[in-house]
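Lettered A, B and C in written order, each chain numbered from 1.
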């Protein structure tokens, strides 16, 4: 797959889909590429679903709103159901089977099922299922250089939570090997 | 060159305003602008500045009026319904020739409308934000970088012409993150001998006022102000023109919709359709010069907006019947897709028989 | 033979030698003068910013010698807030009438007070809209006849007058609130004392200060000035009792913040009590 990436990340508020999107965008920043990150916002975020669109490109980005993603990262069932048909043929869907029990099959896309939250919890990384998913995305698409990914984590984890850096990097590894 | 950072549009506006020397922010919470106020609440105390959450948008703009009258580099920000409330104070600022920055991170309307991105306040911003004969300079950035650049320059322009200046953004530009290079902090700010700072028995008392009970006096002042507006029109028009030299179809779009229009124009070129884009960066003064340059070559104009057709009026006034002017828009918070803009371009291309 | 001359009365420096627009018998002239005398006596004209309202004193930006800002109707406290925050060393006052302060500008009035803005508000309450020609005001009395309450203010439909000093004195922000009248030389002197104290509190950083002057409007009440004074004494003063409604210094505090702290000391989130 090309390094051109138009991804929708979606899940419940609190699962860290916006943060995962920011890690992907930051990888683009570090590699000095064109990029955009656009969150859903407003009342729907209060305890409901959250999603964001991330674009990485070598050309200036038109609409930052991704309506027909190359990649869908779905972290719960409503998000999977909402976006599954929007993914372009030949695209990629990564679903966290911990909360997406019902998978609608599509034969024109690559479907990766990752038990991300379960994997994270089992490794003592509760709450980092989002980063496991980013690891899987990297393994599938190679959307940036390997070292860029770690640098993006360094960049995105706030200094106050520096202890989380290594855990995030471990979650990436778990995702890549899932 | 300074480092590129990843920032939300709302935050870039705020940080850049601080770097432009703004030390006074008066606002009121409203989606999708709130990050800007929150950023100011965090940053202003560290810069020795003032962040004040006012009791209402009306109070906020009147605090801006008072601070500006006293010489402050000052701003407020809101989103569409809140900007309507600010219209009173903006009119008074214009009438008293006071500078200041008003940011509108637009959402859908009318009424409470939606909280999704929109460009439906174009008329309000360029024609009628408040009662009376007056104009504001209105910037329409289309990237996070341009948000920062506009906020950085807006105060200087406001001070230069002693006018309120608006940045007309929208929920998409406010919420999205993009890489941005932030400008260097300004150190030199202009003197304001007209400001109310206490006369210290060294001068006549200064008055900030918009009341003139003598008709002839107000008439004269309004005429003078419009003479100043003519200078603004000559000096301050900004637009970006993309592939318009040989374009049969010139798309005109600003802000968020210009990003989508650009994608559509690029796609159209790939299909062999001679399309180009004019992107007004100032909505007032409207970049008539950039459009007039294409009058001999363009066969048709297409205004693409996130509203029911507002800027298209200004395109028509500029084109003045010399070519057809078409419109495509989505409203309510719907962001048009590049594909639907492209099919409009294709449809028009079929009609003009290019 | 030279006689020693002594000036016993003259125009205050802070009151400009211009003709005002006030009607004969109107008390705005008295209060304008009291404010100007205060600016002179405290030697603050050179660093004072006045905010004029919309109403009969709308032209007062031409009368006061200090720097002046003309505010939109009701917004004077917000404008004064912007002014004071910009240059905290300036002395900032707003001069407002009842429609301006207690009706269209009530939100600005209450919130500037509760923020404890270090500004001074001079409030002229004459129970009517004067500038627009005698309509019912938020402080018009029950059964008072005005152009828009031609059968008298019916409290069952038009509600009750707002007693602003009482209202504001429930807030923690204000340092000083007093209601005065200027119907007799003694009361004029009391009013002057209150106005001077209000400015002094601002100078001393004690907090927000507010002086209400119960006034008359002979023109729109349709009375002679003497009859208007009598009407005020009979009807307004019982409804709007004169006196000090709040004075944190008299209560033993250094400033409004300290008083606010003391009142709410049982709330564990409340801290401070001294420095503003």
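Annotations for the structure displayed:
Note that contacts are C-beta pairs under 8 Å (C-beta built on N, C-alpha and C of every residue); 3 or more make two chains touch, one makes a residue touch a chain.
Model, not experiment: these values are computed from the prediction.
The chain with its C-alpha centre at the largest distance from the centre of chain B is C. Centrality by Cα centroid goes to chain B.
Annotation: 39 Å between the Cα-based centres of chain B and chain C.
If you average the Cα atoms of chain A and of chain C, the two centres end up 61 Å apart. Chain centres here are Cα means. That of chain A falls 34 Å from that of chain B. On the side of chain B, the complex with chain C involves touching residues 24, 26, 50, 52, 54-56, 58-60, 62-72, 74, 88-89, 92, 96, 196-202, 205-211.
On chain A, the positions that touch chain B within their shared complex are 22, 25-26, 29, 32, 35-39, 41-43, 60-65, 67.
Of all residues in chain B, those touching chain A in their complex are 4-6, 31-32, 115-116, 171-172, 175-179, 259-260, 262-264, 266, 335, 337-338. Note for the complex: chain C touches chain B at residues 45-49, 51, 58-59, 61-62, 64-72, 75, 78-83, 85-87, 90, 107-108, 110-111.
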